[in-house]
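Common to both upcoming complexes is chain A, partnered first by chain B, then by chain C.
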Partner chain A sequence: MPDYFLSFVPGDSFLHKLDPRTKLIATMLISILIFRLHITGLVLLFALFMALYYLSSVRIALLRNLRPVAPFLILIFIFQLFLVPGNSFMDLYGFSATSAGFFEGLRIVGRFVLLIQFASLLTATTSPAHMTAGIERLLRPLPGKVLGVTSFEIATMMSLSIHLVPVLNRFLKEVYQAQLCRGLGRQKKLSGLVSLAIPLLRGAFRMMDDIAMGMESRCYQGNYRTSLFELKMNKNDWLVLMLVFVLLLGFWNLNITLLPSYQI
Partner chain B sequence: MVNNNHLSDSPVRKMVYAALFASMTAVGAYISIPVGMVPVTLQTLFVILAGAVLGARWGMLSMFIYVLLGVVGLPVFSGGSSGLGVLVGPTGGYIIGFILAALVIGYLFENFQSKSIAGMVAIFLVGMLAIYIPGYLQLMYVASLGVQETFALGVAPFILGAVIKIAAATIIYRYLKTESLV
Partner chain C sequence: MHIKPGEIVGLTGPVGAGKSTVLRLLVGLLEPDKGTVKIDGCSSNAKRFREMVGVLFQHSSRQLFEKTVYDDIAFGPSNFGFDRRDIESQVQKAVDIVGLDESLLEVSPFGISGGEQKLVALAGIIAQFPRYMVLDEPFAGLDTRGKTRLFHIIQTLQNKGMGIIVISHHLDKLLEVAPRIIYLRDGIICFDGQRQQYLLDNSLPLPLITALMKRLHARGLPVYPDTFTVESAIKQLAKFRNRRCG
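Up next, the complex of A and B:
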């Protein structure tokens, strides 16, 4: 894991102070909205994103967020450009790029860019611990019988997992180094894969047995526990939720486009 | 480290193991091992092993936790991405498929006690299909691509890697069974 970093940026802005539940629900509502919109609406939402971005006073690398999905987005755009029928403006080896395809590709790629940027704003302004607490609170009304666990147990598993990721990463490096020391170089065979995975799993199982025994010895039970920092929805949270809801209703039928020429 | 072999079946132990497989899936996205010419990441290997080792309910829960880790903002989705946006994006179907795959594999292992290698391979193959079918459908739907383009973009590049991982998962699961670690 070469660049393991948290996407959370500590800060003291308006967005940081909002309740994690507010931000989660708002991001979900905006995600639904994004799938309804055409290019005009997407441009307006992008303006809203930029406003929030400056309000949040976090300087996340906007292009870096897109890097993992960039190959997919570029290929999707190319597919749309050449495969949507319409009047063509460019011919390449028998394939014709159409203006309808160009706008369709722009719309679909624009959606994904906006989805990722809004979500990255959420994760940049909310610490994992807060987010876990928020998710736990949102899951609490679900009857525990459906999943077989309570929301408190889910929260415990989440924070355990968050802490295990760097531990396992270091353990994996140790296993790899130990094998290198004993002359088991980089094998390009199936056995190379298996001989790394088995010691990793054995060691990890042993660690987990210790953790489980520790938790059992301390009588862990997945019940409600009080917390030093209770989540509280204040006036700003309700205000933001109301604004997002108004935005959702107002934009819902904004499918009339200011670029009628591409509706062919 | 105390080497305790008590192997209790308490829910706490199941919980901890589910958390382990969630983080294994996260870490696995970053480990790439070349097998022949194909670079294989360990991510889906741990997904199908989670179903086999933990069973239907806890396997599904562990993948659910993995998805939540990504939602919370840890860079655990492939390529180091995270967030709600990835889930509804073009590659989100595969991540939903992880939950389905662990559920299906767990169910099959619980209900058909297959000791034979062929049986295990068949179950892992069904699990792999449970990852790629939702992935394929979501990619086709959200990117509004045709049937063949989606296959070329979203399934064909991964077939060889999936076959290698099914073979590896079978070997590893057999080993864990004979050592009675699961």
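Up next, the complex of A and C:
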């Protein structure tokens, strides 16, 4: 069971073996679809998600993934419930909860939940290195000279930031211990936070500066280099992409009217 | 391992020997798996430990964060709940002990040199006036003058009755500052005794100058095999050269 939000779980499943580009594009298309659909469609997509989840053989903590965003989701739901006009079924302090608001809230929250779950499936089955390689390859057609940054540079930035997370974590622990010894946590909660944040930021900037200088002194150019993860699309990849396209087109206008006043 | 107040102990050993673990045990950042850590008779109480033991970490300049040097030195004592006048006098005392320039007190701790940052961090610990101090690699990153200065600071602290543990790889400096040496290897105390005994033990790593003097002594030259400072070696060798010439 992974400990962190959106982390990679090593495995050998069908989803693990897919090309990262396939997974990235499929996730993007499904995300677009999620924003088109109403509740019925979302329920069908959730069934698809569960199927993929069992296929992937990774056990992500589905509920734990939602924990960081839960307050926002609840807030969104409450706002929708009370602010959408319609037939009210409950009055609370002068605000009326409407059935239309209820379904609207459910739909919006459902969208976010699905987006997060599909994204967590993507990150759980794609190692950071493959992810970087996939994004780099997908961005390659962009006119790097015009934008001032090439896809290779973006790839380097991404893999650097992924690799430096544990380093920063250790660094933070070091600073925290030093400040504990100087009596951190006894008084003044806020200054305690500052006493960690400032050394951490300073250390991070300094570390980045060192890394940048180290890379430049070893002639880093930011152009094409061969990779440890040469990507190859095979039959399965094309098949999955085609299926997702079919799904997108088929579901595009899937709106079932159950209540006369509201589409769900 | 017992350490008395007013004693300077040098703790050394190869990388991974457990020196930093000892440090973390002493301030309650780690709990011992076996045995107990007792400081002045009280055992295993992280909060009390942190009041009694001041620690200068290896990369001490990384822990600075306040707007001015003065505020940074005052951070520790104000956390430990002293009132303002006490804090002021303690910061002043600490600044006097480390010999920090008064004009630096109002500048940002990020604008000063690395050596000065180290002194500021040290002053921040001293201002808490702990009974014991642990200095992790205090000599790293200091120039010769800085090292001499630190040497004097450690002696001043000892005279005030503080028990000090110096953790270091710089054997020559360590031997100079600490009359008692503890050598750790793989978490086991291989040697715990006086400096002179340490120098005569052939199974332990020695400073280069001692190794040289030992060899000269073995060849029959009248030098002391337990010499550990370059100055004293030069004196002995100079005497010898004069004799040869004469």
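Definition applied: the second predicted complex is superposed on the first by the 207 of 264 C-alpha atoms of A that agree within 3 Å, B and C clash if a C-alpha of one lies under 4 Å from a C-alpha of the other, contacts with A are read in each partner's own complex, and residues count from 1 in each chain.
The rule we apply is simple: a residue touches a chain if its C-beta (ideal position, glycine included) is under 8 Å from a C-beta of that chain, and two chains touch if they have at least 3 such contacts.
If you're wondering where the values come from, they're calculated on a predicted model, not measured in any experiment.
Novice: Under the stated touch criterion, which partner chain does A:248 make contact with: chain B (first), chain C (second), both, or neither?
Specialist: Neither: A:248 stays clear of chain B and chain C.
Novice: After lining up the shared chain so the two structures overlap, which partner does A:231 touch, if you call chain B first and chain C second: first, second, both or neither?
Specialist: neither
Novice: Scan A:115 for contacts with chain B and chain C and give back first, second, both or neither.
Specialist: So A:115 only meets chain B here.
Novice: For A:194, using the defined touch cut-off, is the partner it touches chain B, chain C, both, or neither? Pick first, second, both or neither.
Specialist: Both: A:194 reaches chain B and chain C.
Novice: With both complexes overlaid on chain A, does A:177 touch chain B (first), chain C (second), both or neither?
Specialist: In the superposition, A:177 touches chain C alone.
Novice: In the superposed arrangement, does A:202 touch chain B (first), chain C (second), both or neither?
Specialist: Both: A:202 reaches chain B and chain C.
Novice: Using the superposition described at the top, determine whether chain B or chain C touches more residues of chain A.
Specialist: When the residues of chain A touched by each partner are counted, B comes out ahead.
Novice: For A:52, decide between first (touching chain B), second (touching chain C), both and neither.
Specialist: Neither chain B nor chain C is touched by A:52.
Novice: Could you look at A:39 and tell me whether it touches chain B, chain C, both or neither (first, second, both, neither)?
Specialist: neither
Novice: Intersection of chain A residues contacting chain B with those contacting chain C?
Specialist: 186, 188, 194, 197-198, 202
Novice: Can you check the complex and tell me which residues of chain A touch chain B?
Specialist: 1-8, 24, 27-28, 31, 35, 65, 67-69, 72-73, 75-76, 79-80, 83, 104, 108, 112, 115-120, 122-124, 126, 128, 131-132, 135, 147-149, 153-154, 156-158, 160-162, 164-165, 168-169, 172, 186, 188-190, 192-194, 196-198, 201-202, 204-213, 215-216, 220
Novice: So in the complex, which bits of chain C are touching chain A?
Specialist: By the definition above, chain C touches chain A via 24, 27, 29, 50-51, 53-55, 57, 59-60, 62-65, 75-76, 78-81, 110, 124-125, 128.
Novice: Along chain A, where are the residues that touch chain C in the complex?
Specialist: 171, 174-175, 177-184, 186-188, 194-195, 197-199, 202-203
Novice: Using the touch rule from the top, collect the residues of chain B that touch chain A in their complex.
Specialist: Against chain A, the touching part of chain B is residues 1-4, 6, 8, 10, 12-13, 15-20, 22-24, 26-27, 30-31, 33-36, 40, 42, 45, 49, 57, 61-62, 64-66, 68-69, 71-86, 88-91, 142-146, 149, 153, 164, 167-168, 171-172, 175-176, 181.
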